[in-house]
Amino acid sequence: MSGLSVLALTGAGLIGLGIYGLLAHAQLLRRVIGFNLVGSGLFLFFGAAGAREMPVDPIPQALIITGIVVAFAASALAVALITALARATGRATLPEESERS
Amino acid sequence: MSRVTMKAMIHRTVVFALIWAVLSAGDPAGQVLGLIVVPATVWLSVALLPARNPLKLWRLTGHTPRFLVGSVAGGVDVARRAFAPSMPLNPGWLRVPMQLGDGARVALGAELSLMPGTLAAGSDGSVLLVHVLDLDAEPGRAVEAQAAEIAALTDPAPEGP
Amino acid sequence: MTFWLHLIILGLLGSLAGALWRVWVGPAQADRMMAAQLIGTTGIGVLVLLAVLQDWAALTVALALALLAAMAAIGFVKAASSDGAGDPEECAPGPTDARDGQR
Amino acid sequence: MPEGLADIATIVLTGIGLVFFLAGTVGLIRFPDVFSRLHALTKADNLGLGFIVLGAGFQADDWTQLAKLGLIWALALLAAGTVAQLVARAALRQEGRE
Amino acid sequence: MTLALDLGLDLAFGALILATALAAVAGQGLFRAVVFFITYGLLLALVWARLGAYDVALAEGVIGAGLTGVLLLMAQGRLRRADALADPPARGKLAAALAGASVTAALVWAWFTLPLPQRIDLDAPMAASGVENPVTAVLLNFRAWDTLLESIVLLAALVGLWMLARDAEWRAPLGPGFHARAGGVLSVFGRLLPPVGLIYGVWLVWAGADQTGGAFQGGTVLAAVILVAMMAGLARAPRVGAPAWHAALAFGPGVFLLAGIAMIAVGGGFLTLPPEFAKPVTVTIEAALTLSIAVTLALLVVGPPEQQNGGGT
């Protein structure tokens, strides 16, 4: 197994962990973390695919950079929504979730 | 423009021009851009940190090696305590009143945090809070000596408002 | 040389793993945060060695991390202040021995 | 054989750097309270980084790389001096919380 | 021997990253999860550097470990003050774990079985791009459409975030109203860092044409510098209506769009850069984009306008 495969599989593992975090947590800020893990896992998988030949393929690199910036903007928006929710309701979990738990 | 500001601007221009030269590594196009970037940076720096008490450069050149030696001693000291099975520690706090200006007090705190056995936790008014690893080692004297050295780095010009 | 630098990087990563343990157990928030700070410094060290090993372009990344090494810690002290926007130095030192000299 | 000498310097200095990093981590794990741990981290780490930077410097091809290495260390020291004071102060306020 | 160590290094990186990610999703306690996520971003930056993707490493290091870290830590502090810190234990763990594991398994299968895609040959277009950093050429020339739309998406996110302000607070300054003790540690640091950050950020953008760096990388560094100055209480956050800040936000996308249209006039086609103009146009767009990216990202961290609750205690 090559080092590149190790990193690609790490990316695959990160996506799985992120999906787990997104589904299993009721605390919304932890879902933002899960979402970011899925994103960066995808980037790593994609980036490792682009690094199979040297030099590293610049097209995936450029797309990943834009991806990182957009994921950050989405996270900032999500965090603002969560704090607005917490200010309005005193909770940072969705209503139906807190009823179930 | 006062003489103090002039002098500080010259010092800072040299420093920032050097940083720009290092980054752009002698590229001629980069040097043209540097003619814009360096003055802009100096302006930002003077706006943020107006020059009050000019540094005495020759004292700084004497101080730097002593600081480096001190920080090596600090690292060795902490490594010795960390690796020693008995872990000799006798931690505690000191409150050290200061006559230094704001910037010098913060610099002193930063340096003390890298020197053997002392760690600053900011100040309360003009009293510096220092955590010490070993109260038995007479840390107070080391702190005072360091404070005197920092005080000597700037001209004793009257502190601005 | 390549061999040795690989070893050193592995050693640094081991040291980093030890700091991760401190992030996990805490107990104070400051403990977790300073362990993260240690991981940042170690990361800069790793990048410097990668620069020697692979390509000096890695120094550009190390420089960015060094420049912003204090960012997260500043965010932490802000969040930990009473109104979430302040500075711990604005208040008296707090419920501790620092007020009356020695422990 | 200047090449060989430079290599030896790199090997020795990076080795010393690693030892200090490990010391910082051991201190972070073993020391009994928040403030003592902060001592270990601030001092040992930055010294470790200093030795690593110095060791890497012996492999540099030109002076700009050396200067960049120096700048990296200077910035890391500035950050360390600031963070140590701020985190210590925040810990002082927070003691016992969480 | 060295080969084995090489693989060992990748294994160590992979294990550390998976461990931090696991700790960030599995452990109890929001603060701990956030700190693990910050260390995760740092490690990821190291891995990108390890792969030789230094441009990505820069973006990930500054955004993942710096900006996102501040964003999440501040959010955690707010939730604590709003008494909304409750972190109910994970539920439906088995189903969630199964879902995650099956996606991972599918990707592992894909990695080992799917054929290597045909690589697009960039040698010929690179010669006509006027720049030497292929990442910059892709971002601002070959795939300029993506980048233009992205700069507009960033703006849309910021506007969306402002929309969350309460009516009564619409005219208040953005964010929680940072303040710091005058002459304190934070304030002194905030006075020392920005000049160095400015030089470094500008250099990154300028150098990005031919080596590691570019508008996004430089923009994120400058965003972080703006943020440090604001958090140290040295630069006041603007109000939503501030015209100078509006101009800074719209400058990048605006120049990009105008340059794209101008290319039709010189016979290229919308956003198609003829080789003889490629370098100056790329550099102009980059400079303009950097300003807008820096301001947008900083304001995204600062947050919507908010009534300030007075200084200190």
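We call the chains A, B, C, D and E, going by the order they appear; numbering starts again at 1 in every chain.
Just so we're on the same page, a contact is a pair of C-beta atoms (placed from the backbone, for glycine too) under 8 Å apart; a residue touches a chain by one contact, two chains touch by 3 or more.
Only a predicted model underlies this, so the values are computations on that prediction, with no experimental measurement involved.
Looking at the partners of subunit B and subunit C together, the chains they share are D, E. With contact taken as defined at the outset, subunit A and subunit D are each touched by E. Of all chains, the one whose CA centroid is most distant from that of subunit A is B.
For the pairs B-D and B-E, the count of C-beta pairs in contact is higher at B-D. Subunit A and subunit B have centres, each the mean of its CA atoms, that are 40 Å apart.
In this assembly, the C-alpha centroid of subunit D lies 27 Å from the C-alpha centroid of subunit E.
Averaging C-alpha coordinates per chain places the centre of subunit A 23 Å away from that of subunit C. Each chain gets a centre from the mean of its Cα atoms; for subunit A and subunit E, those two points are 14 Å apart.
The set of subunit B residues touching two or more other chains comprises 19, 23, 91, 106-107, 109-110, 121-123, 129, 131.
Counting partner chains per residue, subunit E shows two or more touched chains at residues 6, 9, 13, 31, 50, 52, 67, 71, 76, 78, 184-186, 189, 192-193, 196, 200, 217.
Applying the touch definition to all chain combinations yields A-E, B-C, B-D, B-E, C-D, C-E, D-E.
The residues of subunit C lying in touch with subunit D in their complex are 1, 4-5, 8, 11-12, 14-16, 18-19, 21-22, 26-31, 33-35, 37-38, 41-42, 44-45, 48-49, 51-52, 56, 59, 62-63, 66-67, 69-70, 73-74, 76-77, 80-81, 88-89, 91, 93-96, 98.
Those residues of subunit E that touch subunit D in the shared complex are 31, 185-186, 189, 192-193, 196.
Within the complex formed with subunit C, the subunit D residues making contact are 7, 10-11, 14-15, 17-18, 21-22, 24-26, 28-29, 34, 37-38, 41, 45-46, 48-49, 52-53, 56, 59-61, 65, 68-69, 71-73, 75-76, 78-80, 82-83, 86-98. Per the touch definition, subunit E reaches subunit B in the complex via residues 182-185, 188-192, 194-196, 198-200, 202-203, 206-207, 229, 234. Within the complex, the subunit B residues that touch subunit E are 12, 16, 19-20, 23-24, 30, 33, 37-38, 40-42, 44-45, 48-49, 101-103, 105-107, 109-110, 122-123.
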